[in-house]
Amino acid sequence: MRLAGLYACAAVAAALPILFPDNYFVTVVGISAGIRVILAVGLNLLMGYAGQISLGHAAFFGMGAYASAILTTRHAWPALLAMAAGLAVVGASAWLLARPILRLRGHYLAMATLGFGIIVHVVMVQATRWTGGPDGLAGIPPLNLLGWSVDTDLRWYGVVMAATLLAVWLSLNLADSQVGRALRAVHGSEFAARMLGIDTGRAKTRIFVVSALFAAFAGSLFAHQQGFVSPDSFNLIVSVELVTMVVLGGMASTFGAACGAIALTLLHEGLVVFEDYEMLIHGALLMAVMIFLPQGLFVGLSQATRRLWRAARRGG
Amino acid sequence: MLDQLLQFLVTGITVGSTYALVGLGFALIYNASDVVNFAQGEFVMLGAMTAIALLAAGLPLPLAAGVATLLTVLVGLLLERFAIEPALGAPVVTTIIITIGAAIFLRGVAMLLWGKDFHSLPAFSGTTPIQLGGATLLPQSLWVLGLTVLLVTLVRAFLNRTLLGKALLACSFNRAAAQLVGINVRVMLRLAYGLSAGLGALAGILIAPITFSSYEAGVMLGLKGFSAAIVGGIGNPMGAVVGGLLLGVLESLGAGLLSSGYKDAIAFVFVLMVLFFEPTGLFGHKVAERV
Amino acid sequence: MSAIAASSPSPAPLLAVEALEQSFGGVMALAGVSFQVPAGLIYAVIGPNGAGKTTLFNALCGFYAPSSGSIRFDGHELRGLPTHAIAALGISRTFQNLQLFFNMTVLENVMVGCHLRAKTGLLAAALRLPQVRREERRLREWARETLALCELADRAEQPAGTLPYGLMKRIEIARALAARPRLLLLDEPAAGLNDTETLALRELIARIRATGVTVLLVEHHMPLVMSVSDRLLVLDYGSVLAEGTPADIQADPRVVAAYLGGAVHYAV
């Protein structure tokens, strides 16, 4: 029962390519949505549960992607080993960064994470010798899982969906444990949390690292799946989009974050039709949702539905 | 070498003046509403782009600049009325997303109106460089410096000397108390948004002859302005001005002495270092002492 | 009840505060406060507003760093320890201004209170290993026991933020108790409660003491303080004005002059 939502998602993910074979929307958009769900679910652990904003999460996404790209193309490492190395590097950087940065609160934290994101992006553009500069790195080999090469859209769809479901499962488990409650306690009142024996600094540091690892994992998948990385995929706008996904879906809800990620992916696909109007509509929608549904689409709508349902039952 | 340093200093102070004006706008809005307005950079862009368009339409430069500033103030007021007021009291993250949404929206509008090309505004009084020791100074830099000093002085006098200005500062300390003593918080909000939109627009018009402008020009300027406000201690208007100048000079020195490509990274490393050692900015605690 | 406890030979004190000073930019909030709390008692700290009662609590909990003096709890020096380490030694508290986790249910609030007894690691929790499932069940059980002790069992699944004020204060007590403290600090638990709720609170405090928990109580409600406490400490302007049994305190002319004369304001 606890995982009913997860099983439903798995069933839908499995059914889609069967119902719509060789469909661009299922495979290509599905992969892109899946990667974003991993990112959003990871960021939600930090933002939604622990209440710490990060406007620089694209940096960890990018570091994961570039680690895979550089190690496989320049040093001919096997893909899985490169991914593991990327996770290690990102985990260590996040851990080093966490203590000083998470002492900050509110807008100061927003500024610091934003600055971190921009610094990493500038390095991606400028450190041409390693990163290929603004042109990026091409020729990244696909993932290879024990001899099974992930080289078709359908295979990628399968791998990304499995990874996405894994991320959602991990997030649900964390949220529904003493670790998750301790994080929500930090969000609710740091004073009280400390008084109950929670080392708040340690709790925030650890979830920051976990959140960064989710992003790096998504980044590595992204690099191998695209075969190409460039700094544009990891700039400030991407960081902002990640925060938007979490807030759009509804904070402190794993499925909310996932819905936010899917909604934003579909929005991008849909707005492509409008070309020049895309930015304008995107901005207007962001404002509208935040003003009229401040709890987010998923959480706000599900609460509204519950209220309606109760009203209907009372009425009937 | 010394001449070079002087040159970097002059460039840094010029650019820093823009950051200072944008940062001042951040501080004013934060004082009135506890909201960090991420669309602040878009005011800068709108001011510059509107002035350029009006000039192209045949208006003389002073008139074009004036009308562009007023139009940007109007945009600021509309933003306040339709995006900020409905979400008063919402959590920090919500207001951040709303103002980011507004920024994207304004950028989208600018792209539709003026395309993706870079545009420039002619310098106010020619481009013959002035020799200053071993450094050269564009006449436009003098305009930037002079008007920044004037604007900052005016805002300072407004905040410290007029009843309305004092009321604006009072809002930031205690909104409920401000309301109790009869300060209309909504009026203060509009005042803050109008004022910072105007400051942003003027900053944009002043710097446009030096740096060019495009629909995207506001992004970095807005972030640097935010950095200025944070470095100075958010909500401290004069702290933001100092923060902006510091940031401009450091950035210019870093670009000149280390690497121009890493200019933005240097600026933000500086911001991070300040925050790591002074988690509420350089002049942050002074805010409390002002009471 | 209080007479028996007070007359029994006093064992080594659970808490010994020695010459504690706390200054804020030149203002002495605590000017050399010393007192001892024997184990098993209900010990109240009273004094007019601004006397330094909450400051004392915050210093005990490590929220403030005292300027000088010592705080010894069961042989451990608390000064310099971070709050979570002080909690781990067996001190828990409630807050004058509610610090409930409004984003959780009553049961979850109290389960957070059990944190010190939880051993779940991050990785184990993420993978939901069998021991995590067992621990979840245990935490739930413990939390429910504590809720029952505080007569909150029927509220377990309600969001904490939706309950009346009196109940929220009671949840804070339950949450603090769930940490199984040896010393429980209650900061104005009766403030904002009506008469019935105050009576129930008195019973609850007595029940808590009966489980072997020492209680340190800051309270303005004099009838409650005088009836429930074994000993009292009177603070005034950051210094100790008097210390003793309720009877001693009520007979102390200095206390009557400085403070209890105004107690009529607090009487129900």
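Order as written gives the chain letters A, B and C; numbering starts at 1 within each chain.
Everything that follows uses one rule, which is that a residue touches a chain if its C-beta (ideal position, glycine included) is under 8 Å from a C-beta of that chain, and two chains touch if they have at least 3 such contacts.
Predicted model, so just to flag it, every value in this text is computed and none were measured.
Taking the CA centroid of subunit C as reference, the farthest chain centroid is that of B.
Ranked by how close its mean Cα position lies to the mean of all protein Cα atoms, the top chain is A. For the pair subunit A and subunit B, the distance between mean C-alpha positions equals 32 Å.
Centre-to-centre, using mean CA coordinates, subunit B is 49 Å away from subunit C. Subunit A and subunit C, compared by their mean Cα positions, are separated by 42 Å.
Of all residues in subunit A, those touching subunit C in their complex are 170, 173-174, 177-182, 184-185, 187-189, 191-200, 206, 210, 252.
Across the complex, subunit C meets subunit A through its residues 61, 63, 82-84, 87-88, 92-93, 95, 99-104, 108, 111-116, 118, 120, 122, 125-128, 132, 135-136, 139, 175-176, 179. Across the interface of their complex, subunit B is touched by residues 47, 53, 55, 100-101, 103-108, 110-112, 114-116, 118-119, 122-123, 125-126, 236, 240, 243-244, 247, 251, 276-287, 290-291, 294 of subunit A.
The touching residues of subunit B, counted against subunit A in their complex, run 30, 36, 83, 86-87, 90-94, 96-98, 100-109, 111-112, 219, 223, 226-227, 230, 234, 259, 261-262, 264-265, 268-269, 271-272, 275-276, 279-281.
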